[in-house]
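The following pair of complexes shares a single chain, chain A, combined with chain B in the former and chain C in the latter.
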Partner chain A sequence: MEKTQLMNKSQKKEPEKKNKSNNPWIIAWRRLLRDKTAVFGLYIIIFLIFIAVFAPILSPYHPIEDFNLSEAFQGPSMKHWFGTDWMGRDILSRVLYGSRISLTVGLASRVVTLSIGITLGALAGYFRGKVDMVIMRLAEIMDAFPNFLFAIAISVAIGPGLYTVFFALGFVGWSGMARLIRGQVMLYRESEFVEAARSLGASNSRIIFKEILPNCMAPVIISTTMGISSAIMAEASLSFLGLGAQPPTPTWGSMMNFGRQYIWTAPYMIIFPGLAIVLTVYGFNLFGDGLRDVLDPRMKD
Partner chain B sequence: MIKYLIRRIIMLIPVMIGVSLVTFSLIYIVPGDAVEVIVGERASEEIREKAIEELGLNKPFHQQYLSYMSNVLKGNLGKSYINNKSIKESIMERFPITFKLTLYSFAISVIVGIFVGVVSAVKQNTVIDSIVRGTTLLGVSTPVMFSSLLIIYIFGVWLKVMPVSGIGDGSIKYFLLPSLVLGLNSAVFTARLTRSCMLEVIRQDYIRTARSKGIAEKIVIFKHAMRNAMIPISTNLIMSFGYLLTGSVITETIFGLPGLGSETVRAVFQRDIPAVMGYFLFQAVIFVTFNLLVDISYALINPRIRFN
Partner chain C sequence: MEKKEEMLSVKDLRTYFYTHDGLVPAVDGISFNIKKGETLCVVGESGCGKSVTAMSILKLVPTPPGKYVSGEILFKGEDLLKKSHEEMRMIRGNDIAMIFQEPMTSLNPVFTVGNQICETVMLHQQLNKKEAMEVAVEMLRKVGIPLPEKRVREYPHQLSGGMRQRVMIAMALSCNPILLIADEPTTALDVTIQAQILDLMRKMKEETGSSIMFITHDLGVVAEMADRVVVMYAGKIVEQGSAEEIFNDPRHPYTNGLLKSIPRLQGKRKEDLHVIEGMVPSMYNLPKGCKFNPRCEHATDICKSKEPPLIAIDSNNEERKCACWLLEKRRLYK
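Then we have the complex of A and B:
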């Protein structure tokens, strides 16, 4: 612990010499922009957000309504760049629209993880004692389930669908986030600036939200970015098993699931949605790796 | 150490009770009547009620839970609603398949992962290192169903040298492709971990001392650095075995292997409640056991944890 604090201090001092701005976030951002791979990841993410937002304009066909059985199973051509599926729907359009589901799930599930994880983690770390014990026991129970199986169980229990995926994938991550926050809160709750706020008469909630949590943001941001990519991956797997957003909604996972039956004759039905998943997850992983190097100097190699 | 062990094992009891309660509650709220699965949708009211009575589904939640758990403690996991087969038997029949798959995958993951990771760390900041970093990150980003389907296509359409689906007579060749997919999927994580652990160790003073004494670089790497880097790596490998053991759902489904993973999916979709319950409990026990093994190995390495 001593070592980390020392390193944090040296990290805070360092920028004052180099840059005029001493806002650590601006400094971190500048350093991130110097990391070529992280910037590449950022470009991929921006590109995907662009596609998701403008999918209706970019898509040559409607992903659901433009089906034409006489044009089913066509390989990639000028008319249909990525080919057509078993209903004659344009795969390119469906892949473009699929980005909406993946990105929304990635973000929405993180909102669920963050809200449960931060609340419970802050309570446990700040109040300690019985509250801490109960919350940590719950976290241990959570950790006893293999994550993906638990997400499957939740999806089946409340019925498959897009909102279920948000919740299921968000919920399985709460214990990790709670542990992270708890550790950070315990680290800072005895520090001088918290002591100062307390002696000025600040309420518990003010101390937690205005004093302690803003200081824990770096590891939270790292773990959330990494969490987005694993949530996107898990959403694809759930959809692949038929437990995601239901047809005819275009999701990359379900496109691969239906394409699986035609793998021998129409591999393009699997390849394009598959590549879309790889590109998306790769983008977030590159960016997350870069973020970690910038925000957590200990991890840098 | 023994004290620590006993305390950790006792702490597992409330966790397992919690796990069984959570699973039972999840299944309790599953939409669609459990009885319909057994008697069919068009069964008369009389038959339905008789089935409900027999299964005790009209009893309140806590009674159902307690009677189920007392059976479990007696070693009776109940029978499947679908084929009336004993759940325990199904587990004993299917788990060995999942275990085999895990074992082969684990071997691939360890051999490939550690080798690639060490090479990448030793050649840090060279072309080899960048290639390894790029490929492993790409591997981490590839969903296992995509790599499975690609492998099936490559071997089924182009190479045609190996069976791509099913278990056949259960010989090793039916396990090769799924193990390759699952093993490489896990190897990329192992490689990344090995690389960062090795770099951490190589930076230490005693490595510099060893080098300055003029010891051959090979010996420095394999004898001095590897040995110390293996400590964090091996703990993570134990965990990865646990993940593989419970995480082969998709691979088994795609390759048509009748292991516990694909069987769990079957049970979940057919709302085969006793089966789902049994499989979940069994897999949670395995997962918890591996968590415990990881903690024990940490405690063995780092005595401070034992007294915490």
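Then we have the complex of A and C:
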């Protein structure tokens, strides 16, 4: 009886083993799913994406058009869970819609950072010499400005708006990303497998894109995940200063900015968007930490 | 030995490195040729210019700091040193392929081995991914990897060192190169695997009829593989000849010293192993005259002032050459 059970077990196990992929990314992913805090962070992110996608269905009111001055400054109630603002708009609806802006800014600004950073970093690290010299001096000039001030300066120069925020926040991060990529590329360009690829007739672009960059992805993914949360924070700050997406677009930062004046009389105006920011940043940071544990061998215990 | 067609002929090649600390003549005026279907072994201590010679043939020496100061490398009648970057890329991997010393790190860790062989195949042949994968499986089978259909989907870290070197050989041979340059391909492997890899390379050579330039410092490997041998010291060729000539009748004191340094089973017990005294000279500061003179037990005045030319020493065989002043006086036999 026991024997047959054992047999059954081993038979059952075999197809499972076959399904197991040996792709390193899938292995890392599986390891990540074992990390409870990272999974919690992932749930928060999924939850936020869900909200952002289904905001029109989930929101009880329209965030901009449903204003009613007679219902202004209402505290949380069954009708308005998060209360209403000075124009009588439903804060819950505005917070839900605000997630769209925050997540879009987080992702779009990272896309800008990645495209500038990877291109320049790879060029500098691979070709060295004068190219490296010019790119790294540019990066140092970038770093000489406080990042946030620089973003403000760009916003003011181009004129405030959502696209300005994408660009401004994306642009200030490129020097760090370029430096990260450059270091990685310099490490791998001397490696034997790159030399082997070259000896088999691979071109420079092939070596950069197919041999080197895939090996640099782990730290890039980590820094991008972490970067999303700081971009969301920065977006909130820019909006708070009135340099982000312009009213009446609901963004968490601008909601807090307007709520600031009523902080003593209607604190819910500032608390709920604030909590939303905290939750988002917390989620991305937890997930990013988990990713680093899985992907960065130097951090492994 | 009948005259065979010359595959590759290197003439007076000089590859220098211009570094912050001075000029390094890593390869200093060497000439040799490789014939069709022949295995040429290049022997010498670390830092004598063996690898730079190999890299020069593929034009892979980083410039700067390196520079091809003079010479020509004739391959199929064309000078490789005059070829453009693009032309060289089409030759690499296709006509001339290279195998490296470190099988552990010569494969890209983030791709499956099948993928990596495919890349090379698709680079040089008009094949789609599926056909290239079939070639990859076929190559892995040829180099004696069991279950090649399964192995193509594995990553380098899942293979042992010997397996990886087989994969490297499969990759290098996937486009049927005419010349295979092997830069110490067995140094990082243990002895049994070494023997297997050498067997494999010999077998592949017979099957494909390609020539091999085999770089090594292991004279055991030379005895096993070589048709002809070139002995290098400090960027120069000091002696060349057929494998038998080099092993049975070494003329240069350095070759002689190398051969005497091999441990032998017949030797008396407790007898110390022969060593060549001193160190390989610093390439920044080479001795005057014969580069080997500070370590040579036969060194005379002329060795310290004038460099011996590489001359033919056998009137019947122009390929048999040696560069030593002693030859002028007497036959060296010790």
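Here is the rule we use: the second predicted complex is superposed on the first by the 277 of 301 C-alpha atoms of A that agree within 3 Å, B and C clash if a C-alpha of one lies under 4 Å from a C-alpha of the other, contacts with A are read in each partner's own complex, and residues count from 1 in each chain.
Just so it is clear, a contact is a pair of C-beta atoms (placed from the backbone, for glycine too) under 8 Å apart; a residue touches a chain by one contact, two chains touch by 3 or more.
Note that the structure is predicted; figures quoted are calculated from it, not measured.
Asker: Both complexes share chain A, so when I overlay them there, do chain B and chain C fit or clash?
Answerer: With chain A aligned, chain B clears chain C, so fit.
Asker: In the three-chain superposition, say which chain, chain B or chain C, touches more residues of chain A.
Answerer: Counting contacted residues of chain A, the larger count belongs to B.
Asker: Mind working out whether A:S191 is in touch with chain B, chain C, both or neither, as first, second, both or neither?
Answerer: The answer is second: A:S191 touches chain C but not chain B.
Asker: In the overlay, answer first, second, both or neither for which of chain B and chain C A:P214 touches.
Answerer: The answer is second: A:P214 touches chain C but not chain B.
Asker: According to the stated criteria, A:L286 is in contact with first (chain B), second (chain C), both, or neither; which is it?
Answerer: first
Asker: Just to be sure I read the superposition right, which of the two partners does A:G159 touch: chain B = first, chain C = second, or both, or neither?
Answerer: In the superposed model, A:G159 contacts chain B only, not chain C.
Asker: With the superposition applied, I'd like the minimum CA-CA separation between chain B and chain C in Å.
Answerer: 14
Asker: Spell out the residues on chain A that touch chain B in their complex, using ranges where they run on.
Answerer: Chain A reaches chain B through residues 137-138, 140-141, 143-146, 148-149, 152-154, 156-159, 229, 233, 236-237, 240-242, 253, 256, 260, 263-264, 267, 270-271, 274, 277-278, 281-282, 285-286, 289, 299, 301.
Asker: Please output the residues of chain A touching chain C within their complex, sorted ascending.
Answerer: Result: residues 22, 24, 191-193, 195-203, 206, 210-211, 214-215, 217 of chain A touch chain C.
Asker: Applying the document's contact rule, which stretches of chain C touch chain A when the two form their complex?
Answerer: These residues of chain C touch chain A: 58, 60, 89-94, 97-98, 100-102, 105-111, 119-120, 123-124, 153-155, 158, 168, 171-172.
Asker: Which residues, counting only chain B, touch chain A once they are in their complex?
Answerer: Residue positions touching the partner: 11, 14-16, 18-19, 22-23, 26-27, 29-31, 124, 137-138, 140-146, 149-150, 152-153, 156-157, 195-196, 199-200, 243, 246-247, 249-250, 253-254, 264-265, 268-269, 271, 276, 280, 283-284, 287-288, 291.
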